[in-house]
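Letters A, B, C and D name the chains as they come in the text, with residue numbers starting at 1 for each one.
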């Protein structure tokens, strides 16, 4: 019986993230538009885009290989799996222990790996730009991520998200310098990973400034749709990651009642909204930076992460 | 079992002899490689049985070598594990070579040495006394040296061979000193005696440093790695695979054997040394690799990086062992040994791929390749698996061992010593950095070599490689996947070796539900490759299914859009060096003092703009060139003594006489 | 009278020498030369099975037994090699038949002298024998009559004579030391009786004696700084002589030194000769190792490598102790086999290439595979790599030293590494890469070279217990 | 052995050292040869005296060899060689006479010190003789290395060898002394002939070793 419910919850989680992801992006876009005194697209615009893309035929470059056509599915699968393993409204998901925080980061890493390959596959110069810059950014973002994981893992004595979340809910953690640093670092990493301002501009198609968009330049139709969807998923994933680590309130425990689950869901949606809002505010308030200032930005994140880890010892030893 | 493997070694030597005779005949290479394959499989089976059967160590003593000691051979869990690694590599390499060897222009320079090389590596792992260990060790170096010189008409290869043999004998001498130290003045060279003689702290420390020098120079620890990226690519590809995938592991074996088995209890600071070196090796190795555009050399540098990862595991093992945290030591060692196994798999796979590309196009330089995925899809597929595995992407095997290493690192805060508390997370950061850089590097390697459009006619005309080679590559790819999704089984398999080294073992994995791995405790951390794999497959298939049901599956081929630029010629693609340029800007300028200057044609001139990149190898220019200069200087100075007159020589004799008489006169 | 192999070992070469001096014809003399060498080898070999009792003048014990057999064996193989080598020299007219007759006679005289030095029980006799050997080789080194050859011979002659003089002085001193104890007369020069009572000798005299002997015989051994004659003599003389010089004469001189070291080892009050030997050994080793780099003449290079190895051996004996002494003895044996094999190869290479300049050789494994790989194998052996015999001895020396005197071992290893690097630098140039220089064919006799290398390989894997037993006994005596 | 015999032997040996110094002092070849003749003569005397003192008749042979061969034949031969080869009569020195003398003193002192360490129970005659012999040897060697001219080097070698013979004869009852002196005479003959040969072979226009050295095997 318990297994059934667990299975159900797990499935629900997967569906929820899949369904909410475009909405979150749409919400961010709309709020940004409003802050810029624009009407902006309706909230459901992303869904429409996806549907439209699905309907369109695929225009495939002649030099594209079979890999080029497989990659969207790979990326989507990896991202979706990652997203569905992050506790959103309930900890202790059935399969959450099949991949801990490190594994989740690594899953996103493999998604990026294949995306970068896709950028190179057609053999155009812009794809090359995109991939090379993407891997450069990643080469700094991921270590920062790992350092954040260290901080949390050392604190919680575990790399399991559920365990961490439960620990965070529990009183006695209190405010810690290193947690603050970790939060800031995580946000910076999240911005970089999701190609948001100031690292990259998701809206632009100015060739020389774009990174993520350049890689997917050659994609069209359903392939593009999948990639877009996984981008949405990724954003959602990071927001819910931050939420479940630093704002784990309202998350239902394992074997909680349906009421608690409902609460959890509501709280989760609320967190998403908050996160989206903050992101929008942030993005509208600052400008994009030059590509070669990105390393400094991420280097700072890495340093923060390392600092957080080390401070942990000190504050522990106090 | 020991006897079986020894017999195999002898048979290999006979094969080597036979190769001289039949090497020229067309069937020769097939016979030799087939025979090697057979023998490798036999000893592989033997090793596996011993390892899985948790059999007691089997010792054999032959009346060879030093007469009053004899040649001791012993197969315990550790050596059994390495036998498995070695002979798995040997078997696949031989299988690959059955096809690949046909393209060899100078078979007589490869065939005799190849089986000898295999024999050497097997015997090193079996040896149980210092003398036979070193004999086998150096024999291994010699035969591989001959293989490096197989294509000796290429000047670079001769140079590579030279650097290799000198570094190899440096390593051997270091090990020789270490053993001399441990054996004591009256020469108890048998490992059994060394184990019982508990060396003093100073002696043990010195021996550790010597072992690091000796085994490290063979394994390719920075700064002793210089020979590796020269020698490994120079050899024929199946030999490169063996050298990179297997021989470096034999070096690791040497280190483990000496430090964990013979030296007794480690001191806490040993691990600091090892960890620091290992971290450096990781990052420098991968950074070097990123700067390369020769496919095989890039792979060789990645070997350096992975050796660094392995040594991080070993260093952690030392740290935990020194503080009596046996269970943690077991975890760290499991991580290290598992990475040894994994790396031998995917590095061989990648070198096979490089070899296939080499035979198909005659090119090693990635700048002249491209688009091979169209011409040789199967090779491309296996190579892609290899790239994903070495980049530590789940659900493949590379990720598992690095994940375990991270788990071991996360235990480090429980270490009492503050130095380690702070060092280990830093090393962890380096490890993470090198992992992501490796991913970047293999995006470059695969993307530039196999994706995009062909850059040269030779790449255009490539043909898919023969079926033996493909069989070997697919076998390895399958193993990579298997080790990735069922890591528990492999962890249990090497538990015996870990037990022998650390006195503990990680919990039995095969019992865990859903076949996931739980190194310490369920609540702490767990990973399930199988589930992740299934998840991805299912969701991917689901998505595909949904799309092909609901969405249109129309597809039209058209020229690449490329932001509306006309279809430019392949030269406009991103090359390896341009791909690495951002990373070069970020890291290279600091490490390699990388300088780029662009020579622009004057306005109106349609000539191409040229980009020159100048890199300085810090280790080579900082360490080895001054050394060479010093020796050359001394030689030049002393050389004057060749040209003295008889009179001056006589006065030398006279002086010697007078000095000796003075010594006598002043003798107390 | 019963057959005495010792006498035979001396008589065969002596008789043959006289015979060869009068016989004309190159083929005949060469054959006789080979036969005589073979005969004395067979006779010497019989010593393994029964040794005659020691006499006033001759004796055979664990120490010299092996060396006699070794000397006769290398003498035999070298004579085989020289038959084909000299044939070629005759063809290209570097030698005239007259000189050939002289050459073969001298060869046997040399054999005689060395055997005499080895079996001699009387230190005076030993001295005479070594002097004879030196003079013979002087004549043979100069045999080509070129400026360089004569110059080398002259240099060798002068330095050798001084060495002889010093050695004689040492010998006299030994006698002076022995006389008060053992009374006057020949008995005070018989080694076997000396060693019994050496403990009572006057230590100061013994020390002085050893200094002179060290310098005197050390000149023959070629220890730096007394080495000057060695490279040129090797480079300018006919290659068979270079082989015999490196392979045998150095050994014989060193053997003489060992005999006297035993005397000092017995005497507690005497200074330990160890330090002297260690110092000279290390100097020779490091010095020769560096000298290897700038060599352009292949024979001269290997001559320097001989100096290097003599240094190692001297070092080993200087360190003393059962392991190091054993290693030293083993190293002497292995080195003479290997080095002569290398010179066989080098001789043919020089004939093929028509020069001794390394710069004009290249890609030998391509043009003359057998010769090239033979050289590679030889260099691998001489560089002390397993599974060949020299590795065994170097292993023992280095490992046993490091536990006792780390710094010495460090210097030793440094020297070894430097020399190793130099050797392989040249080997790469000679054996690999694009073929360089002209490559004529030669009807070479590879048998001797590979016979030696096979023995070295065998010794590297398996040492016969008898040999080990003898060496261990001697090692004990050497202290 | 009576006091007198001892003194005489002592005196002879000492005078041999003295003559060695004289040789070191010379700077004309002919004079040098003459002095060498004296050197050999003194040696012959002292050997003869030893023969008498030890009543060892075979030593007379050695004495005779020294007298005939070294004191007469060799000097004459060298004389003729100098004439035949037209060697200029000067002796080129590496080290001037004065310094050479000083070094010689030092060497003698060294020889004494080394010898005095020998316990006296090796009876005095031998001990003193050895001391002198050693200094003669060292002086001969010094002569060889401080004189450029081949002939003077030969002379140096020969005086060195005289020292050896002195020591050998001083060693009471030493066997093979005669053989050794014969062997050495042969050796010296070799050297002389060698010099001569080179001349005849037209290889070297003078035996001045500097020219010889210009044929060093390996060019820089």
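Just so we're on the same page, a residue touches a chain if its C-beta (ideal position, glycine included) is under 8 Å from a C-beta of that chain, and two chains touch if they have at least 3 such contacts.
Everything quoted here is computed from the prediction, not taken from an experiment.
Tell me the fewest steps from subunit A to subunit C, where a step is a jump to a chain it touches.
2
Quick one: remove subunit B in your head and tell me the pieces the remaining chains form.
Contact components excluding subunit B, positions unchanged: A | C, D.
Just grab the chain with the largest centre-to-centre distance to subunit B, centres being mean Cα coordinates.
Between subunit B and every other chain, the largest centroid distance is to D.
Would you mind checking which pair of chains has the most C-beta pairs in contact?
So the chains sharing the most C-beta contacts are A-B.
Using the average of all C-alpha atoms in each chain as its centre, how far is it in Å between subunit A and subunit D?
Centres of subunit A and subunit D (C-alpha means) sit 100 Å apart.
Just curious, how far off is subunit D from subunit C if you go by their C-alpha centres, in Å?
It comes to 31 Å between the two C-alpha centres.
Suppose each chain is reduced to the average of its Cα coordinates; what separation in Å results between subunit B and subunit C?
44
Find the geometric centre of each of subunit A and subunit B from their Cα atoms only, then give the gap between the two centres in Å, rounded to an integer.
The computed centroid separation for subunit A versus subunit B comes out at 35 Å.
At least two partner chains per residue is the criterion; list those residues in subunit C.
Expected reply: 154, 158, 162, 204, 208, 231.
Two or more other chains in contact with one residue: find those residues in subunit D.
114, 117, 141, 144, 153, 212-213, 216, 218
What chain pairs are in touch here?
Applying the touch rule to all chain pairs gives A-B, B-C, B-D, C-D.
For subunit C, which residues are in contact with subunit D within the complex?
Its residues touching subunit D are 124-125, 128, 131, 135, 145, 147-148, 150-152, 154, 157-158, 161-162, 164-165, 168-169, 172-173, 175-177, 179-180, 184-186, 188-189, 202, 204-205, 208, 231-232, 235-236, 295-297, 300.
Under the touch definition given earlier, write down the residues of subunit D that touch subunit B in their complex.
94, 107, 110-111, 113-114, 117, 138, 141-142, 144-145, 148, 153, 209-210, 212-213, 216, 218, 220
Along subunit B, where are the residues that touch subunit A in the complex?
Against subunit A, the touching part of subunit B is residues 370-371, 373-374, 377, 380, 384, 388, 391-394, 399, 403, 406-407, 409-410, 413, 421-422, 425-426, 428-429, 432-433, 435-437, 439-440, 442-444, 446-448, 451-453, 514, 516, 522-528, 531-532, 535-537, 539-540, 543-544, 547, 550-563, 565, 568, 570, 572-574, 578-583, 585-586.
Note which residues of subunit D are touching subunit C in the complex, please.
114-115, 117-119, 121-123, 126, 130, 133-134, 137, 141, 144, 153, 157, 160-161, 163-164, 167-168, 171-176, 179-180, 183, 187, 190-191, 194, 198, 201, 203, 212-213, 215-218
Could you list, by residue number, the parts of subunit B that touch subunit C in their complex?
63-68, 130-131, 134-136, 138-139, 142, 149, 152-153, 155, 158, 161-162, 165-166, 169-170, 173, 176-177, 179-181, 183-187, 189, 631-632, 634-636, 638-639, 641-642, 644, 646, 649-650, 652-653, 655-657, 660-661, 663-664, 667
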